[in-house]
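One structure is given below, represented as C-alpha cells, and several questions about it will come after.
Chain naming follows the written order as A, B and C, and within any one chain the residues start at number 1.
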Amino acid sequence: MENQLPPSLSLGEIVDRLGGELIGDARITVRQVATLEKAMPDTIAFLANERYLGQLKTTRAGAVIVDARLGASLDMPRIVAANPYAYFARVSALFNPIPANAAGIHAAAVVHPLARLGTGVCVGAGAVIEEGAAVGDGCSIGAGVYLGAGVEVGEGSILHPNVTVYHGCTMGKRTIVHAGVVIGADGFGIAMDEGRWLKVPQIGRVRIGDDVEIGANTTIDRGAMEDTVIEDGVKLDNQIQVGHNVRIGAHTAIAACTGIAGSARIGRFCRIGGASGIAGHLTIADNVEISAHTLITKSINEAGTYTGAYPFENNRDWRRNAASLRNLGELTTRVRALEQALKPGKKGKK
Amino acid sequence: MENQLPPSLSLGEIVDRLGGELIGDARITVRQVATLEKAMPDTIAFLANERYLGQLKTTRAGAVIVDARLGASLDMPRIVAANPYAYFARVSALFNPIPANAAGIHAAAVVHPLARLGTGVCVGAGAVIEEGAAVGDGCSIGAGVYLGAGVEVGEGSILHPNVTVYHGCTMGKRTIVHAGVVIGADGFGIAMDEGRWLKVPQIGRVRIGDDVEIGANTTIDRGAMEDTVIEDGVKLDNQIQVGHNVRIGAHTAIAACTGIAGSARIGRFCRIGGASGIAGHLTIADNVEISAHTLITKSINEAGTYTGAYPFENNRDWRRNAASLRNLGELTTRVRALEQALKPGKKGKK
Amino acid sequence: MENQLPPSLSLGEIVDRLGGELIGDARITVRQVATLEKAMPDTIAFLANERYLGQLKTTRAGAVIVDARLGASLDMPRIVAANPYAYFARVSALFNPIPANAAGIHAAAVVHPLARLGTGVCVGAGAVIEEGAAVGDGCSIGAGVYLGAGVEVGEGSILHPNVTVYHGCTMGKRTIVHAGVVIGADGFGIAMDEGRWLKVPQIGRVRIGDDVEIGANTTIDRGAMEDTVIEDGVKLDNQIQVGHNVRIGAHTAIAACTGIAGSARIGRFCRIGGASGIAGHLTIADNVEISAHTLITKSINEAGTYTGAYPFENNRDWRRNAASLRNLGELTTRVRALEQALKPGKKGKK
C-alpha cells in the first residue's frame, strides 16, 4: 500500500522510459509524485496551469514537469513535456502501479461450477459468481461483488467490493468498476393502464467497452429491448445515473451526480459537468462540453460549450431577482410597448 | 435468461389472452417483442407515438400493436388496442416472465433461527436475515441482502443483491427492490447545541405498500418519530433520496436522482421528473406533474405541470443572460421608471 | 428494537439528568418521545416553532418541552429549556439508546489475522476486514462491510451493513456510517493524452474525524496526492458526493444529494442545502449557508446565505419566462437604449 516506500527512479531513467526533455542532473532520484506545495526533495511535481506558477518559487520538489513555455524561465531540474499533466500521470503510474491482488478464489467466495474464470483471477470473500458468467485472465473481483448469470468481464478488469452486475451484462478489458456500482438493473419502464402502472419487462442488457472506468455508486440500467451501451474509454465519475438504452460514445468523460435519461445518445469525446442532466431520446454531438448543473432538453448538433445553471448570489439579491424572473415575460412585453411608444411618428397616435 | 428462445405465440393466442382487435392472419406466430426499428419477422412491435410513424413503413416486424387511429391506415398484421403501450407491456410479460429462482436457502446465507421464511423462498449466498424478520411466500432475497431485525417482506417480493433494510421496516406484496437500495437508514435529524450537533434518534420506520418498485441505489430514510410511508403502486427510479417522515401517495412515479426532503407529503398519481427536488414539510396535491431539474419550494394545491429549470444555451449567450439576471430586479425598476416618464401628463413634471 | 417498551422516567428524573425548569407535577412519567400531533399521555413532545403552536391545544402529550417565551402561556406540564429541540434530542436519547450489538465476530465474517480488533467489537456476517486494518474498542462493523488493508476505525464507531472502505482510509471515534457508503474510491483524475484518457493514480487517502455521521450511499473519494479530509463533527446526509482532496470544516452539515467537486475547501459550521453543488478548487468561508439546488461557482469569503435555484412556476408561465430569459441580455440593452432616448437633451438629437 502507499505506506510502503516505492522504488526510486532517477530523472534519467524517467525520460528513458517516458520521453520528454530533461534539463538538469540526470542522476537526481525521486520516489514519488507530489503537489508543488507539499513536495519534498525526493518527489517530482508538475505545473500545468499558470495559476500555480507562484508555487514554483517555494516548492521543495526535486524536479518538476512543465511545458516548454512555462519551463523556459525555470532554473530547477525539470522535464519538459508537451502535455505535463499526462506526463505526470505516467510518472505517477510508474511509482504507483495498481497493486496486484494475489490470484485465487477466497474460500468464502461462491463461484458456480459452470462459471468460467481465466488464469490469475482473484475473487474476494463473499463474492458470488453465477452460472455461465465468464471472468477474463487477471481480473480482480472484489469482496461481496455479485456477477449474475452469463455476465462477461474482460481480462485485466478490476471490480471493487460490493459491485452488483445483473445477468447477461458484459464489460470489456481493463475495466475498473468502483464499489457500490450497479450495472444492469431494470430500466424505468412503466405503462399506465387503468390507474395502475404496469411493469414493462427490461430485456436488453448493458454492454460496456474496453478501458472504461465507473465511479462509486453509479448505476447503469439495462436496456428495455435493445442494449444500453458504454463505448470504449468512457470515464464515469461517482453517482451517475445512466438510463435504459442510452449510448455513451467513446472517450466521453462525465462528472459525478449526472443523470442521463432513457434512450439519449451522447457523442464521443464529450465532457459533461457534474450534476448535469440529459433528457431522454435526444442526441448530443461529438466533442460537446456541458457545464455543471445544466439540464439539456434538446438535441445538440454542434460541438461547443453549453450551460444552464442559475447564477448564485446572496439570498437577498436572489429573492429580488427570482421574483422578477417570474414576471420576465411580462417585462419583455412592457419594454416592447415602451419601444413602440417612443418610435418616431407613433407618439401622436398614442 | 434472455438467450434462451422464448416460446412462440400466435397472434390469435395473444388476443385470446389479452383482448384487443386482431386485424390480419391469426396464425402468424411471434416469439418476442422488439422495437419497430430492430424487429424481425418473428417479433411484435408497437407504435404509441406518431413520431415513429415513419418506421412503420420499413419495419420487418411480424405484427404491430397500435391504437385505432394509427392503425386505420395500416395494411400489416396488427392488434388494435386502446392503450398500445400497456398492451405491449402485457405481451412482453408473456414472453419475458420474471425468471423464478430456485427456492431454497443458500448454504452461504445466514438466517437467524427466529426469522420466519414462507414457502418457496429463495435466499442467496451471503444474505443475512436477522432475528424476527419475516419473509413471505415466494420471495427472492438476493445475494448479499441484509434484512435487519423485525423486517417484514410481503409475499412474492424480489430483493436484488446487496440491498440493505434496517430493523423494523416493512414492505408489502410483490415489491421489487433493486440492488444497492438502502431502506430505513437514519433520517438527517440533528440539533445544534452549543456548537455541536446532537443526533436526534430516528425511531420511526419505513412502511412500503404493495406493488412498489424501487430503483438501484435509492435511499429511503426511516422516520424521526412516525414512519416514512410509500403507498401502494409507487414506482421509484434509481438514486432517489426520500427523507424521513415523507409520505408518497399511491401510484406516484418518480424519475431518477430526485430528492425529497423530510416530512414532505406527495399526492397520488403524481409524476415527478428526474433530478427534481421537493423541499421539506410541504404538500403536493394528487396528479401533479413536476418537470425534471425543478425545485419545489412551496406546497402545490392544484393538479397541473410545474417547472423550474434554467433553459440551457451556448455558454457565450448564457454568460450574458446570467449576468443580466443578476440585475433583473433593478432592470424591472428601471422599466417602471421609463413607464412613469412616458405617462401622459407626467412628462412635464419630470 | 422499538417494539420493546422503553423504561419510563418521571419528569423529575428527566430534569435531574438534563437540567431545564420543570413546571408541573414531577411525578408524571413518560416512556417515549412523540410529535405533538400523535402524542399519547405517556409521551413527551416538544415545540420549537410557533408554526405548531395550534397543536398545543389538542395534544394529548403528558408533557411538552418549550422555551420560556412559548411556555409562558401554557398550563400543561412542561419543561422549559433554552433550546427545546436540543433538549428533546437528549430526552429521546434517554429513551432510545443506540442498541448495543453483542460483541463478537460472526462465524461468517472474514478477518485477516493481521487485522487488529479492540475489545467489545461486533463484526457481522459477511464482513471482510483486510490485513493491517485496526478497529477500535466497542465498534460495530455491520454485515457485508468491507474494510481494506490498513483502514483505521476509531473506538465506538458504527458501520452499518454493506459499507465499503478502501485501503488506508481512517475515521475517528464515534463515527456513524450508514449502509452503502463508499469511502476512499479513486477520485476522478484523468488526463487527456492523444485522444485517450490516462488514469492519474489516486494515492491520497480519506481521513475522517471524530463524531462524524455519513448518510446512506454517500461517496467520499480518496485524494489524488494529498488526503481528502472530513473534520470533527461533520454531518453528511445521504447520497452526497465528496470529490478528491476536498476538506470539509468541523461541524458543517450537508443535506442529501449535494456534490462537492475536487479540491474544494468548505469552512466550519456551514449549512449546505440539498442537491446543491460546489465547484472545484474554491473556498467557502465558515458559517456560510447555501440554499438547496444552488451551484456555487466562485469562492465565498463572507458568512451569509447564498442562493441560486430557479423559481418554479406552472409550466405555461415558465415557458414564457424561460424564453424571455434567453433574450435577457438583449432586453437589458434595449432598456438602456430607451433610457438614453428619454434623457433630457437627447430627444432632439435622435
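Operating definition for what follows: contacts are C-beta pairs under 8 Å (C-beta built on N, C-alpha and C of every residue); 3 or more make two chains touch, one makes a residue touch a chain.
Everything numeric in this text was worked out from a predicted model, so none of it was measured.
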Rotating chain A onto its identical copy chain C by a Cα superposition takes an angle, to the nearest 5 degrees, of 120
Same or different: do the copies chain B and chain C touch each other through matching residue numbers, with over half of them shared? different
Between chain B and chain C, tell me the centre distance in angstrom, where each centre is the average of that chain's C-alpha atoms. 25
Touching two or more other chains - residues of chain B: 108, 126, 144, 162, 180, 217, 239, 257, 275, 309-311, 313, 323, 325, 327-328, 331, 335, 338, 342
Which bits of chain B are touching chain C when the two form their complex? 108, 110, 126, 128, 132, 144, 146, 149-150, 162, 164, 166-168, 180, 182, 185-186, 188-193, 195-201, 203, 205, 217, 219, 221, 225-226, 239, 241, 243, 257, 259, 261, 275, 277, 279, 290-291, 294-297, 304-311, 313, 317, 320-321, 323-325, 327-328, 331, 334-335, 338, 341-342
Given the complex with chain B, which residues does chain C contribute to the contact? 1-3, 32-35, 38, 83, 85-86, 88-90, 92-93, 95-96, 98, 106, 108, 124-126, 142-144, 160-162, 176, 178-180, 211, 213, 215-217, 233, 235, 237-239, 251, 253, 255-257, 269, 274-275, 292-293, 309-315, 318-319, 322-323, 325-329, 331-332, 335, 338-339, 342
